[in-house]
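Residue numbering begins at 1 within each chain, and the chains themselves are lettered A, B, C and D in the order written.
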Amino acid sequence: MQLGFTPAEERFRSEAAGWLEAQLSGPFRDLRGESTFSAHLERRLEWERALGAARYGCIGWPAAYGGRDATLAEQVIFAEEYARAGAPWRIGHMGVELAGPTILAFGTDAQKARFLPPIARGEEFWCQGYSEPNAGSDLANVRTRAVLSGQGAQRRWVIDGQKIWTSLAQFADWCFMLVRTEEGSRGHKGLSYLLVPMRQPGVTVRPIRQMTGEAEFNETYFTGAVTDADHVVGAPGDGWRIAMGTLAFERGVSTLGQQMGFRNELDAIIAAARANGMVGDPLIRQRLAHAHIGLKLMRYSALRMLSSAQAGRLSNEAYTYKIFWASWRKKLGELAVDVLGPAAEVAAPTYEWELLPRLFLGSRADTIYGGTNQIQRNIIAERALGLPKEPRGS
Amino acid sequence: MQFEHTEEQLMIRSAARELLESYDSARLRAAIGAPGGYEAALWQQMGGELGWCGLALPERYGGAGLGWIELCLLQEELGRRLVASPFFASAVLGAALVMECATEAQRQELLSPLARGQMRFGCAITGPGGHPAPQGVDAEITSAGASLRLSGVADFVIHGDTADVLLVLAREGGGLSLVSIPAGTSGVHVIPHVMMDLTRPMSRIEFQDVTLGADARLGAPGAAALPLERALDLARIALAAEAVGAAERVLEMTGDYLKQRVQFGRPLGSFQALKHRMADLMTEVEAAKSAAWYAACAAQERPEECAEAAAIAKSYCCDAFYSCAAGSVQLHGGIGFTWEHDAHLYFKRARASATLLGSPVWQRERLLRVLGLGAAATPAF
Amino acid sequence: MQLGFTPAEERFRSEAAGWLEAQLSGPFRDLRGESTFSAHLERRLEWERALGAARYGCIGWPAAYGGRDATLAEQVIFAEEYARAGAPWRIGHMGVELAGPTILAFGTDAQKARFLPPIARGEEFWCQGYSEPNAGSDLANVRTRAVLSGQGAQRRWVIDGQKIWTSLAQFADWCFMLVRTEEGSRGHKGLSYLLVPMRQPGVTVRPIRQMTGEAEFNETYFTGAVTDADHVVGAPGDGWRIAMGTLAFERGVSTLGQQMGFRNELDAIIAAARANGMVGDPLIRQRLAHAHIGLKLMRYSALRMLSSAQAGRLSNEAYTYKIFWASWRKKLGELAVDVLGPAAEVAAPTYEWELLPRLFLGSRADTIYGGTNQIQRNIIAERALGLPKEPRGS
Amino acid sequence: MQFEHTEEQLMIRSAARELLESYDSARLRAAIGAPGGYEAALWQQMGGELGWCGLALPERYGGAGLGWIELCLLQEELGRRLVASPFFASAVLGAALVMECATEAQRQELLSPLARGQMRFGCAITGPGGHPAPQGVDAEITSAGASLRLSGVADFVIHGDTADVLLVLAREGGGLSLVSIPAGTSGVHVIPHVMMDLTRPMSRIEFQDVTLGADARLGAPGAAALPLERALDLARIALAAEAVGAAERVLEMTGDYLKQRVQFGRPLGSFQALKHRMADLMTEVEAAKSAAWYAACAAQERPEECAEAAAIAKSYCCDAFYSCAAGSVQLHGGIGFTWEHDAHLYFKRARASATLLGSPVWQRERLLRVLGLGAAATPAF
């Protein structure tokens, strides 16, 4: 157990820090400190391409697919320097952290060659098609169907159904999705994991307005949408196992990137508390301390997860990470508005929000999407603690 | 000693509930988008034919001569539906300020039109920092011969943009005074905000050398501080009632959803973790009802208990409302986070109600002072 | 809705207050402020007899059975004055609040005549035999059996089995208990509600030491214990319904008496906080305020329950009362030791405790006995909110 | 960068776990009842043949030259079984105080016997109010010619009644000094308490004009304040490790019980409400492990992060332990409240560990000061 870095790792650190600084004080200075999910879309896409061109897009991937074969330590270092530089949230997240690792782990060589380099170069963007309107927390309740039709080179999957909560679908090039490919199957069985192009007539994206006033999520309709017969990851019918693998990747290095956004939010709260004197309020102080502690613990837990993942283990803290950060951030949102007082409740004329009130409203979704807190607790209790399953209804 | 509503009171409640049964999501959203942020026809109906604005006013002002218990019943019902309406600003906060601070003649003048539903008050009692009155009052009155001059800024003035008369709290000499100013008076600039809570619009109001007659001052010069406290306590009690109604309603909505929504082959409401969350919320709501009802009785019968009861009711009921509204968003899952679902409207109202007139933390600190338990620094909000 | 009292009620108040003051500054001055559950047993029993002699033991009962036919308001007044006078916790509680009201509601005239007057006079004391070692929260899982044997005047119930958590069993004269009287029955069915004398060879009481170091609860063994054939309340087999009735009585006027003990505890905390300066600590202050608020709300809720009970209704707040007070008092215990700091952790040489540390330790049981918080939440969810039942295992 | 224990570290852990496997409830209760409140044979084994007391001591004092990470692993294992032992007072707190405050010669003298398991320290650093050192230190040193005179009261001295040497924190001039006093020195009166936590005995110690040689002072006169802070942080980190071990163990016990106990025809552990409570507790335990492990690394590698890491670990791990222990009592139901079940022993240790060396609230306030975030009044405990 040791926290320090080798001289070679420190050299990587200064190289990465130098590049980030040059970019964010130079051509991308307008994006420094950008903390929104998807504002300034065009510039954000340019930033992804710049990362890709410098081979900083997916440093942990094999060099053959545009990565750097970076060690765990180097990935930690890059995340740290990325945060320190105030670089923007990675709008390429879905490809870089979810689609890419899934294809790396489960894809064919042809799929890897086709899909990974454009992700690493920041040229193709992805969205996730898991949730459906009737499924809710019962993720396996997939009704979107796909059937193979045509012959030979014309053989394709034809997809019909509806997905929901597909974030970033408006500009995604591809969607990785769970579809039912066995007629009459139920639950986890008979599902397949398809890679489907979004820019085609059979795909319609309709934004869902959220309580923040923004529309970061979508309903996505597939009506006779098609994709190549080869664009299935794993065997047809094996989609559930692949999708669960994707969910596991959410617990990887990306958590370190996520934490940088949290740090910005906490720093903004501290700055506000200093400015209006609330930093002297003993109740607020305890909550500031709790917030700082939670953030540090997320960092330490991420280091643990990465260390054990490197050793090929999935350790128990990985199960607890999602509920920990989601519950933490919801409290952070409440702290933010309690520090600001009534001023937090005044919007810009179009119901747009500054960072902190947006945090308050937006964080209400954290304990819902990506598995509600209730689902997370089921998973922890059953998988990590070995407690008996709930009886399933009929 | 009878701690249940009387038959007459229950009739008032059911009449109100019946009237507002049709005030559904569509009507609420239409009200939010309407000029001034409320439904004018409903306001006329409430104030005019139904006499709600005069319910708790003495008969000599044209009121029904009932009391704060009955007023709070209406507040509960208005809260249930999140009715966007000048009722709280006018018939609760405004009426309480006038009743407590004004002379008899001024009451006649201001409350008689209110009883007929023809008066909307804007209570400019909060300074620009948003601290609960009278902390941080910015407006100031100076004498200018026989007339008064008012300058400064008030903020978070509920329905300030559509008020007929502004009731402005201002520093005067070493004390506080309350003045009434007709809308449109020269030097008064009303800047409507877009608020997080879409159902209770607020404005910032700037006063630039506004000239007023000496009779604009309600009561004696600099003497508003004490009656103000009593008026605020009455308003807090009514706000607590509103919060209880909203909490109960949002909990009902959530329960209905959980009974109907099936996941994993079972109604969501059969999952013990969700049942227990609901049970905890109901426990809070029931305690909140006790708090609100007792406070309403105290407002009516026991002035000496009013400050304590108001601090208890305001803090507990707003906390309970927030728990229920936040729980509702969570228990509805994704749909609860969308704009089209009403859960967020309750959630935002819950936040706004908690902030208004002193947060739960602020109320608890005040409670200890009322109980004679020393004092720590007053919280900012 | 009105809080005030009539002149007649106020006269009753001064009469009761006068009597209490005379007793507690006179012959019972040693019991003033006594806050333990069962210390000074002999004196406590004398106090119960004094209450009975003055017809203050069970004022809400019919005069025919030793009560005063007191109105709701008078009962509230007496509870207030009892508290104000610093009178001790009612060691006759089990008879006065549970056995008595059950017999009043469900008993035969003969049972009423036999059992009620000695309770009202403070001459016979009761304990409760519901819980069993294997039952836990599943109260209906009763294994203690009773069979009728003998003929004519010799016909008696013979009881075999074990009860647990029987508080005050050491000195009780009678036990009201749930026993299984139908061979082979399960769950709620086939149970009967018996009244059994404790002072007989077939009954053995063994104290259970608790984490406080005290032994307020017992294991009680029935081995061929007997009671008259007539000493069954309700029909044989109808015991579950009767027992549930008893539980409902726990929510009556006795809650007002309970609150007086809570008030003493909170006052002691406030006094300690004043003495050591913690009353100036803003975090402690918020918790003191929460504690005061909770106590007031219990009082208001009790008034609501009493008002609606008088009108013949069981309203929803009645379901929530137990979990509210139990959770409140557990927090009160934590507040108590946080106010005292490390000093709270020092015991008297025999591991005996002052009021506040005892509160801390003892309150851990509040959310367990009389239906755990988990059971209370089930009840609220199913009975008050109408949510579906949990599936029962086989 | 490697945030997992090494093979060697894991071997130390499993050896310790194996040794303590037989330290069951019966042995723990026997230890509680034994003179001094611990099992002498186990203490001799740990300190003697196993060399645990010297594990983290430099080799020049006869130690193994390993570090705080290894020491904290032992602490975790001792915590799991609530081992009643002088280990914390001697090999953790005492050793840290001597390492940080004493001269090289004094370290040789005091630590060499410790490394052999032949030294039990009693650290008299807390005043009679129980405030965390150095708040409220009562003992005072005055010069009396070539010798020193010590008077005053210390309290909550862990294993003070069986210590071979007392390390006493006292005011001297404007500063703080630490002196070492052999047990039985004239004028030293040790009054053992009966503590709520039965597994960590404490004493009150009164010093009445105790005369000491000048060499009794560890380090320079009045210069103990700074090294004291560092020593306390090391002790807090080790205490956090102990708390994590205990939390994890009491959670395991509870899980085992829930799997085995059947009610309503199902194992208790199949009820979702209980599963969710367990999941929340495990989430706390896992985060607490991260806190404790990081802090142990900081103790070893990053002195500049030590204060922050100690405040985080002490507050979070003690809170998590308390949650788990309280949850264990509740989830066991009636049996969990009895004396014969071990749940209460964990619960009481959790409370005592939270209080020791500054409560979680106190640690969080200190954390903000370490982070440069101004200061409110220091909490009393």
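The working rule: a contact is a pair of C-beta atoms (placed from the backbone, for glycine too) under 8 Å apart; a residue touches a chain by one contact, two chains touch by 3 or more.
All figures in this text were calculated on a predicted structure; none of them were measured in a lab.
Looking at A-D alongside C-D, one finds more C-beta pairs in contact between the chains of A-D. Comparing the CA-atom centres of all chains against that of subunit C, the greatest distance is found for A.
Spacing of subunit C relative to subunit D, judged by their CA centroids, is 41 angstrom. Look at where the CA atoms of subunit A average out and do the same for subunit C: the two points lie 54 Å apart. A straight line joining the Cα centres of subunit B and subunit D is 52 Å long.
In subunit C, 281-283, 286, 374, 377, 390-391 are the positions where the chain touches two or more neighbouring chains simultaneously. Chain contacts: subunit D has residues 266, 270-276, 361, 377 touching two or more partner chains.
For subunit D in complex with subunit B, the residues that touch the partner chain are 271-273, 275-276. Contact residues of subunit D toward subunit C in the complex are 126, 129-131, 155-156, 193-197, 261-266, 268, 270-271, 273-274, 326, 329-330, 333-334, 336-340, 343-344, 347-348, 351-352, 355-356, 359, 361, 377, 379-381. Residues 1-5, 9, 72-73, 76, 270, 274, 279-282, 285-286, 288-290, 292-294, 296-297, 300-301, 303-304, 306-308, 311, 316-317, 320, 323-324, 374, 376-378, 380-382, 384-391 of subunit A touch subunit D in their complex. Contact residues on subunit A toward subunit B in their complex (touch as defined above): 131, 135-138, 141, 164-165, 208-211, 213, 217, 276-278, 281, 283, 337-338, 341-351, 357, 360-361, 364-365, 367-369, 372-374, 377, 390, 392-394. On the subunit D side of its complex with subunit A, the touching residues are 1-6, 9, 69, 255, 258-259, 266-267, 269-270, 272, 274-276, 278-280, 282-283, 286-287, 289-291, 293-294, 296-298, 301-302, 312, 315-316, 361, 364-365, 367-368, 371, 373-374, 376-377.
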